[in-house]
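Look at the two complexes coming up: chain A is in both, with chain B in one and chain C in the other.
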Partner chain A sequence: MNAPNSNLGATRWIGKRVPRKEDPRLLTGRGQFVDDVTLPGMLHVAFARSPIARGRIVSIDTQVARELPGVHAVLTMADLAARPIKLLSFFFTEAEVPITPLADGHVSYAGEPVVLVAAETRAQAEDAASLVEIEYEELDPVVTIAQAKVAAPIHPGVDSNVAAEIGDEEVEDELEDKLAGSALRLSHRIVHQRISQSPMETRGVLASRDGPEELTLRITCQSPHLVARWVSLALGLPDTAIRVIAKDVGGSFGLKNHPWKEESAVIVAALLMGKPLKWIEDRYEALTASNQAREAEMTLQAGFDAQGRLTGSHGIYDCNNGAFPQGADSNIAVHMFVWAAYRVPAYAFVSRGWYTNTNGLAAYRGPWAMESLVRETMLDRAARQLGIDPIEIRRRNLVYLKDQPMVTSMGIPLDDITPGECLEKLLDHFDMAAFRREQAAARAEGRYLGVGIASYVEPTGSAGSMAPMTGELAQVRIEPTGKVTATLSTHSQGHGTATTMAQCIADRLGVRYEDVTVFEGDSTRGGFSPGAAGSRQGVIAGGAAIRCSEMLADKVRTLAAHLLNASVESVVIDEGTVRVEGAPEMARPLAEIAAIAYGEPDRLPPGFESGLEMQFRYQPPPMTFTSATHLAVVEVDAETGFVKILRWISSEDCGTVINPAVVEGQISGGLAQAIGMVLLEEMPYDARGNPQAATFKDYMLPSISDVPTFEFVHANTPSKSIGGMRGVGEGGAIIGPPTLVNAIADALTPFGELGDVVLPLTPARILDVIEQRDVSGFYAPEPVKVEAAVAEPVAAAPEPVAEAPAVPSAGPEGDWNMVLKTPMGPQAMVAHFDIEGTALSGYLSAPEGRQDFAGGTVEGNRLRFDLKVEKPMKITLKYDLEIGGDSITGKCKMGMFGSAKVTGERA
Partner chain B sequence: MSEHAIALTLNGQRRDAVVEARTSLADYLRLDAGCTGVHLGCEHGVCGACTVMVDGRAVRSCLMLAVQADGSTVTTVEGLAAPDGTFHPVQQAMREAHGLQCGFCTPGVLMTFAALTGGEAKASEDSLVSAMSGHICRCTGYQGIRRAAKALAEGTVGAGGAE
Partner chain C sequence: MKPAPFDYERPSSIEEACRILSEAGGGATVIAGGQTLMPLLNLRMSQPFILVDIGRIAALQGVTRVEGGTRVGPMTRQADALADPVLAAHLPAMVTALGHVGHHQTRNRGTVGGSIALGEPAAEMPATAVALGARLEITSTRGTRVVDAADFYIGPYMTALEPDELLTGIIYPDWPEGHVVLFREVAQRPGDFALVGMVGAAVVEGDTLTRVGLAWFGMGPTPVRMRQAEAALTGASLSALDPRAMAELAVADTAPFDDHHASAEYRRTVGRRIFARTLREALQLREAA
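Entry: the complex of A and B
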């Protein structure tokens, strides 16, 4: 933490539970969500969507729809093609498979938009969309991960259904020896269901072309700046011609990071038609046609010695990416953080994302959360098998402050994480011995209580390693009236950043919280940042607001010292009054100083810039860790399989707390979502690829009766970022699921081991354990499901055959167009190889620059070389490639990121 | 499509309108009457965001047709605060309790609270909390809503009861 400014006023605003700035308008119905805005001449959009998961579009007949009164346009992809747009990932990379706003010739998931209708009212648009006639030639869909593994590629032009891949399948000898020599070698599997993010405000956009090349978007999103940048790159329009406004947003949780198919279609149609177009998704579309999240499976192996100390571990992760993910993802973060809080000598992994004919994958609060779920539930399972207390097994493996600085087995440097300290602090608030007595007594009465604990660390406030993850900007101004206004790069979808940032500013500037107004929600205000992404705003924007306010306070003090003939050191700003220490008669209202700063240039010190405004962009440390341990107590009804949560304690360390009510609100919201994931929520698909939950009666969100009162224990170890904050946006959704699953597993121990976990833990699945039979039907052998799911056996993907060069091809020398499948998306480059005997040199060149290498080797068709890179961090890339005629395949080992696939062709 | 003339008292003012038979009360309030504080979270009666008061009772305006409101008195979130801007106790309770984040579910929550605490009978904390099981909030985990219910039942709003 930075040295406290000795001239700070006496009143502290950081750390206070102040009422939120956002609330008065939201409590009186004066919020401004995208659907609340109406523009003159605005038309409403509805889509005709694919009723099948996979097929070829044979014909589209729009005639009847076009003739309906009020209809202005009925557009297909052929019409939209007049204004090209490239749908990009969150990292602004292009997808491997073409993604068009409307379906182009074929459909790849049920609900894919095929035709856009614009009409004078929403009702007319929906009526017309239902009259569009589309004929399809249906194909068998690939729905599950298991099917994707054996089916022919769903997308033309790709060699398999692997959307993204990283790591190594085989456990290397050294790790295998460690696992084999362990007292306990455990393999633990989690099958995580598909989740619909379900913000209460669905997606929506109002696009208006304000000039030939000028575009104003009102869109529900996570950062107007990120959307402006994304649209600018997607359309090839300059940034300055795009204005994105999102005043109030009704939740997002990862879903609304950036526009996708429907929003892009509306933007393009608005550019083509020159009329403002509004599309507001209805809940049926939101559940069945929006992007979704989480469907993934993970098998974690770990070895333990007889005392329960970890000896090594290996993880296999598979994730359903759907047809058009918002960035093909094999989720490297799962592996980077699975053991980040634990001392594990070695870890290796393989990770794959799979294309299927289902809705695309988008982010959801803590997208890598599987790591905590699989690890923490495995630790409890191991503890039971070894006869060790679950608390003890954590104590023996967790990283405590005394163990740091250290570097994890995945190469992550740690110097101030406190999951162990959070555990100890939690236990001060919970009498475990008393609970165990209560549990034993209850069991004797046929009541099944259980306690679960789980620990973790969470990477927050990440900056500098990926294109969108920048620093944050604060611009703070003392107006001539003495009131303070600020524009920030932050954005709230409920986060209350106008509140927390105002607290930071008031605290460091020495003004009243009531006198600070923060403006956000408009890409023309403040500067670029990705907004609410990766639990970053409190950490980075908070640091920016603090430093910027301190700089501005210094400017005020310089001016006041000059005007009052005092020393700068003696000037203090407190509650909006500028005082000189020891001379109370010289106190002046800040407004008086401000009026002079703007209006009386003659009175300013020489060289003093008039006005009172400052800006500061904060580039924080690359990553800031938040730690936590949670505890839940449940009762499982052995008759019905229902779970009641009796108590929940969160013991977390998020450093400096700006506003405890906001911090607790973030954790509570995440925990409610965790309860939903463990007990209630599920977006199932049928065998033909139809999403099965179309209303909130089928997709069950937690209600007030499902969520207990949460208790909070805060540890406050300041981080190294300015202000000492640590991010807290996603943690509840990450640590909640294992806490609850562990409590349920503990309650069920009289009946047996919960074992591998299939979410959600519905009453039927819990009865499977209690009654030791397959009540839910889920555990039926997988092959039966696969055959029932696919009408005709799907042809297996052809084994890659080493191509025998038909014509004698040239050697490896020369240029190759290569693609490296990195965790951040495919990276295209040109490789150039020079060969002398068996020595290989050359370069790789990409738009970002060219890198030379030497010292490589050639053995027959095999090329090996190393390349040192600085970004996203210092690692050595080890390429191992094989030439087959005019194509090239192989791997690139990327240090802690594992290996990535390389493919390419002769240029 | 048949059109119908209706008349109602909305937030204390008489309004006459002509609506299509299929227009929901929610759409009428949002699109014709300008009450955009009425939020649509599901349009099928589950989420509660669209709740308004019709003749003093909490009603899901997405499930009621505008023509059915003919002749009634309707209050939306815009009509809760006093004309001078003083918050209604339910607004005050939610503010003190940090009962909202994004605020999308909030108008519905407020109207149900208002309908249950407005009459003579004093609503218990339990009855307020169980009424809240008809409102989905995706943001808050219901912690502040629960505190607001307690403060309303105990009459401690404005005295730090909800904090």
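Entry: the complex of A and C
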């Protein structure tokens, strides 16, 4: 922990397991969620949704629905079009394909909202929605990644189902040589099922138009500030006209980062109707119509020398983006972090996100978690093949503190990661040799125990590289009463930020925790921040609260020194009392000093600003790493294939721990979700694109009996951020899955190699290994449905680049409208080319600015040039473009991130 | 998730309930504990014109001893049945099975008769009624008839109950004191419907099995009575019993299905195993070499 400031009082609040300030309210049913708010004249919304995954809307008849008692409006997209709204990604970028609040002419997934009904009660709204008559011309849907790869595009106007792409398909010779020359070359594949984020509080919004275009939103979200900014940009309204309130939120896990189709439809309808509209998603809608997450496949190749040291690696990742992802995503982070904690000489990859006729992709706790799952399960598989202990193979490859500073093969600088140290600390708490004896004895009795370990690092507290990922503002006041209030842009969906931030403030201000109240959950409180996104609040807002409180304490000390005729250095604030060292008789309650600061300006030092108020916006280091190693012990029932978790130890390093109970709660919650993903949860689709788990009977969340009592070991290497904290919000969901899979694989070794992993590991899939036959039916050849997928005549194959006709209207010179498909979404720009002989110069211009380049080359239709950029990181972009008539195609190689696609047309 | 509009009736006698059902001409649905029906109503998968609440009909409640058996009123809450001393003494297999029905909270509302009349093929109560040889008393304005539980189930959620009929009693025949309970359920989480489950009772006299009743749940479109295994076991000598061979016979009558939780092959494979193990453990058979 950071050395305390010498002027700090004796009482420490950081590090204490204090009771949460939120709990009395939440545990006595006094939480205030969206559905708890009722406004005068408020109407309730229900949607008529598409029953098919893909089709053309032939007709919509709303007349019968409209005539039902209590119904105020039955709106289609044609009605909502009167108030345009642009659905943006988390990065505030526009999608490549048009995304409308309600379906516009065609439907692209089962459950897509088509008609919005507003009525006096929810029941009336549902009655009316069920009477809307919609006629469809059904088309064959594209459901799986495999189908998306061969099918015609599901969206009109795009040339393939690739929603996002980065990296290079080909393994370059140098890497290929490394892999080929390895003692072991292993290819390991993970098929990750689709997940429903399933927050306890489903999505919901209450939108009310208060002025001509003033909007108040009560919406369940991850940051009222982010939603206010998103809505302002989406509607083209000044953000002063928008207030977003979300006092309590019952979980989100990435789903509620920002509004999506239904919320946008309600917002637009409320603006058009001028009446407060409430929509609360029911559980059926939540499971079948909300965005979903995770469905992805990855094949990781790696080479190992005979001692198990990595020689090189290559990864291929594909993820199902659904029809309308909340940001088309090829998940670059998977590749950035797959080997971040390991010494690998070289790594290359290709990554693609695919459009399908399924619910759109949204974030889920640790969206890049595939990297840890594929790597850690592969390491165990390699260890078994090489005859090396799984602990040993990690020791030989992990980056320890002694190896740092260093830069990973993907260019990430490391100076304080500790996964190896977490591993060693963990092993102090677990007698591996004794376990192996117990395991051997159990096997002799027909009981199959297994142990799994997994290590990882996690990027947390990111700030400064992407539009929404800003610093955090803390505003702290000592009120005239001596009580302390703070307004922060933190937001809790269960995070307990009102508790942890109060601890930071109490600790550094020298007041009692009970005397600090933190206000959050309202976009009119505090300054902009994205709230809970990327395990950042403890790191950044914690740092802001600490520094702001220290600055305020200094102000108190300056005033007290003046009033008490003492030196500033001798003044200490402790437990709400201001003392002068060595002069106990001069102690004064903080309230007395505060009353003077506000009410008796004559007694203040010259030039002293009256009042005791302070604010500080903290801009932390760009990224702060958290490290951990986990261990699980399981028993597999060889008769039924059931897995019982016997023990689970988390050894994590999240730097300074503000509140151990909150940290352990975060890790436990993530681990519960990990257990769900490995053993239980799955959102399957049938061949017609219908989601199959429509209730919690079929969507199996882990219950309390499926989750063991976790044991915790904390390593505490302070980070370089103020306060020394590291983020801990997502880690459990990232490191949990490989830990559990490895334990199961270890238990199954007497029967065979678990091999490639298909999640969830249902009892049937575990029997596949135990019996070495296809009990689950998963491996039975599926009827090939390619025909149906390809036969779709909607979109013609992309036009071959004009070979014969099209006399180019001009050469490459001049302006081109170009789109670069970056990992954060398509980026539109204007390219300008000037040519002299074979020399190319010009500029690229986007709303963010213009960049000139020179030194490029022209060879026939081929243009090549380099561009150095600073954001989001220092990198040289190498453009390689081909002009065909009035269109442009090509690639942009972005350093170690591989290539991104470029398309364009003459301006 | 709000139900479609319906009328609500709460009769206070069986006669009144039957009259409402008769007059509704198929448009009425009976609600007992509502633990399945309420979600179905909210999902609009069930849209009756009239909901007939039988919760206030005293004659449908409670457990009584009758000639040669025990009569359970269909409105008896599962939690009450679980704690009932008469059931504990006479029908230990049913009490064991009840402990696996839903969750503590749902058993406070859920009823024995509601579960039996619903006919969920993976539920415990229908299979238990089949295994123990229960007879179901069914009443309408046309009179009263008695149907064997084994003949009651037609398909998933489909039973012999006509739209105007009400289940008014479940009569479980006596099994002699000291009979053996055979029960095993494999479910992914406690309280889930079974991937595969078995329930039954056996009477052992000396070395001989003199009476056996067995049924599967989660192994077909209805609870599945293990007729072949029952026949082979009845009269068999414990010392000569081959549990694995019996398990083969037991799964022979089943028609399990594939879903995303488990394959039919899984259900059969694990069904055989839990059958053999339950037989061995309950009858204290020596391990076959």
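The definition used in the following text is that the second predicted complex is superposed on the first by the 876 of 907 C-alpha atoms of A that agree within 3 Å, B and C clash if a C-alpha of one lies under 4 Å from a C-alpha of the other, contacts with A are read in each partner's own complex, and residues count from 1 in each chain.
We adopt the following convention: contacts are C-beta pairs under 8 Å (C-beta built on N, C-alpha and C of every residue); 3 or more make two chains touch, one makes a residue touch a chain.
A quick note: this is a predicted structure, and the numbers were derived from the prediction, not measured.
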Just chain B (first), just chain C (second), both, or neither: which does A:Thr762 touch?
second
With both complexes overlaid on chain A, does A:Val249 touch chain B (first), chain C (second), both or neither?
first
For A:Ala123, decide between first (touching chain B), second (touching chain C), both and neither.
both
Tell me which partner A:Arg20 touches in the superposition: chain B (first), chain C (second), both or neither.
first
Who does A:Ser703 touch here: chain B (first), chain C (second), both, or neither?
both
Tell me which partner touches more residues of chain A in the superposed arrangement, chain B or chain C.
B
Taking the superposition as given, does A:Glu262 touch the first partner, chain B, the second, chain C, both, or neither?
neither
In chain A, both chain B and chain C touch residues 123, 282-283, 695, 697, 703, 705
In the complex, chain B touches chain A at residues 20, 22, 30, 35-44, 46-47, 49, 76-78, 80-81, 87, 91, 94-96, 98, 100-107, 110, 129-130, 132-146, 163
Give the list of chain C residues in touch with chain A in this complex.
1-5, 39, 42-44, 186, 188-193, 195, 258, 260-266, 269-270, 273-274, 277
Which part of chain A faces chain C closely enough to touch in the complex?
121-123, 126-127, 130, 282-285, 639-642, 679-680, 682, 684, 692-695, 697-698, 700, 702-703, 705-706, 762-764, 767, 771, 774-777
Contact footprint of chain B on chain A as seen in their complex:
17, 19-20, 22-24, 26-33, 35-36, 123, 198-201, 248-251, 253, 282-283, 492-496, 661-662, 664-665, 668-673, 695-697, 701, 703-705, 707, 709-710, 732
